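The letters A, B, C and D name the chains in turn, as written, and every chain counts its residues from 1.
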Amino acid sequence: MRELLCELLRLFYDKGWVSGTGGGICAVEAPGRLLLAPTGVHKERVTPDDLFVVDVSSGEVLEAPRNAALKPSECGEIFRAIIAARGAGSVVHSHALSAVLACDRASDDAIVIEHLEMLKGIPGLSNTDRHLVPVVENTPREPQLTADVERVLGDERFARACAIGVRDHGAYLWGEDIWEAKKHTEVYHFLFEAVLARGGSR
Amino acid sequence: MRELLCELLRLFYDKGWVSGTGGGICAVEAPGRLLLAPTGVHKERVTPDDLFVVDVSSGEVLEAPRNAALKPSECGEIFRAIIAARGAGSVVHSHALSAVLACDRASDDAIVIEHLEMLKGIPGLSNTDRHLVPVVENTPREPQLTADVERVLGDERFARACAIGVRDHGAYLWGEDIWEAKKHTEVYHFLFEAVLARGGSR
Amino acid sequence: MRELLCELLRLFYDKGWVSGTGGGICAVEAPGRLLLAPTGVHKERVTPDDLFVVDVSSGEVLEAPRNAALKPSECGEIFRAIIAARGAGSVVHSHALSAVLACDRASDDAIVIEHLEMLKGIPGLSNTDRHLVPVVENTPREPQLTADVERVLGDERFARACAIGVRDHGAYLWGEDIWEAKKHTEVYHFLFEAVLARGGSR
Amino acid sequence: MRELLCELLRLFYDKGWVSGTGGGICAVEAPGRLLLAPTGVHKERVTPDDLFVVDVSSGEVLEAPRNAALKPSECGEIFRAIIAARGAGSVVHSHALSAVLACDRASDDAIVIEHLEMLKGIPGLSNTDRHLVPVVENTPREPQLTADVERVLGDERFARACAIGVRDHGAYLWGEDIWEAKKHTEVYHFLFEAVLARGGSR
């Protein structure tokens, strides 16, 4: 699982979704134990030994990498909020430009996605659905972002969303395990690009 | 042939044509035997052992992969309809955004392609031809899509097309063997991108 | 040199310049002997043994690959015309969409390129020059294209161009040896993309 | 460090930032000793043995590669000006189209960047900052460019910029060491692309 997380970071880097040391990833390794990538490092160069193990509930670091210069991802609190609210097994944080631009096109507080077969890639959705991805405002400091993330996770309009956009910033995307998180990450980036190419509405 | 199918899935994944577990591929391995990729899996990770062998006429599974979790591609029925109508040896199902957007630009029920040397990549066409690629409406359920696919396969206006667009969804592309299917897949995606870049008409 | 030609075909394929079996390459191996890629094959899969050796002056095949199914590139005549007129050591034929679209933007019979440092990549040019790349009309048959190519090669306005655009088709690009041909191929594709992004004029 | 410089050139080449032999890189190997890539060569093919060592202060070549055909990068003077003014440990010269186009969008003499989380990738900046990247005019000859670079390096408005755009040409980007230079190169190219996608202002 550690190697797979690193492989996905390399894959997402190649796609331009975690460039400039941005972005991140985590996955529940075993009940209560969350594997978490370090912050501020070139994500495509993270090795299995660089991962932290943190407590899913408290965020406490259970095991730190030998490299003492590494610090756990600043997304940890948001990752854990998503896991707590949705039972996710893995969460990806994307810094893709397409995510930023899709948030620019949000109507009110949501990216509206419809008329796309790729919607079937999200559990419970059909190509005939009108899917809303919540967008929260970016903040200079992490704690306020977590509160907004928790708020939209509890909003019934977004009950089926497996993604949250962060304006000017990127997106969080998740699945019940790493493979579904990878799938949803690819699906939503496709959807974001489709929304952009269509000019925000068909 | 099994390895080549997997290699092409990796190639198409790198180009963004089968992301998010979408898309698919098949090829006639021997008379009556169709090699078919599984559904719902990350297409770039399909291995030769993951392929199904189905009966070209009936769609019956002749040989299933050892991995019992795998299910044959839901495109199987459409793949077989194309093989029956056109004598194709291999069919690709693309989820490329360029295919979706080219369908958006369709005039009536066809993508109109002209003034392009790349048209010579399709048998019987010259750069001076006006080529029509049929577009069928997307459906929540497979059977209706198959009926529409069979209808356009029988439409004289589309007699030379080796592709069918599916609105909001992607495209089916085929050739007399795997290599020609690969060629046509590349040719049509180029043509779709050209149509988009030119704004739908020259 | 054979391996390098194949490597460049793979590189250009990855960039989308020779997709769908389109495009081609040649290089003068020794006085009078021209190494020439075969036609109608997937260019990224050409191996050193697949290359033809043709007489630079007459176009006669001096050495054919063992694989009797291969035929020499149909660009051979144009390649030889460019070599004869400019003393090129290597010529690339690109099917890039950017080349097609830059020809769409041509003023009269030339792509106008200016205000770009990358112009210095072409011998004798400065960033302050206004550089003209000739554009010839595409033809269903090769011979007429060769005549037009020879005409623009003799046009004083295009004396410094190391590229010829072919409308709806792509471009020919050359250099005094393979390395300069690679450089010019990259430089001109950058210039084409810049012309497109700037909307044809600054 | 030599191998890393070559690896970064290959990475930047794959991203299209140093194509057509353009662009360059340098890094301070030890006090006073600057590793410098050669000029006019295909940057993705530079090997550790191809690098020059020059005196950081004087620019004098301390060690030349065995390959006598190689010449030190023409960016050397600008590289050293940036190192002198900012204490940079590594400087990258990009020929990316996104850098050229972002300069086209400059207001007066600066690219204006705001409303982007990725700004946090630059030391001292927050996502709420309005960041100015200076743009200097391109020149046919190097010396005048150096003077302009030194001028903007001393301009208080650009005190936090780790990049300088050169109109019609590209950009210089730097960091306190190679890894930070890589990070800033990726961050600024993301920012340039965001500015372009947003049409120059939000």
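Following the convention adopted for this analysis, a contact is a pair of C-beta atoms (placed from the backbone, for glycine too) under 8 Å apart; a residue touches a chain by one contact, two chains touch by 3 or more.
Because the structure is predicted, anything quoted here is derived from the model rather than measured.
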If you average the CA atoms of chain C and of chain D, how many Å lie between those two points?
31
Go ahead and note the Å separation of the Cα centroids belonging to chain A and chain C.
44
Which residue numbers or ranges of chain D touch two or more of the other chains?
none
Arrangement of touching chains [line / ring / star / complete / other]
ring
Spell out all pairs of chains that touch, sorted by label.
A-B, A-D, B-C, C-D
Touching residues of chain D toward chain A in the complex: what are they?
115-118, 121, 126-128, 179, 182-184, 186-187, 189-190, 193-194, 197-198, 202
Chain A contacts chain D in the complex at 16, 19-22, 42, 95, 97, 100-101, 104, 138, 140, 166, 168-170
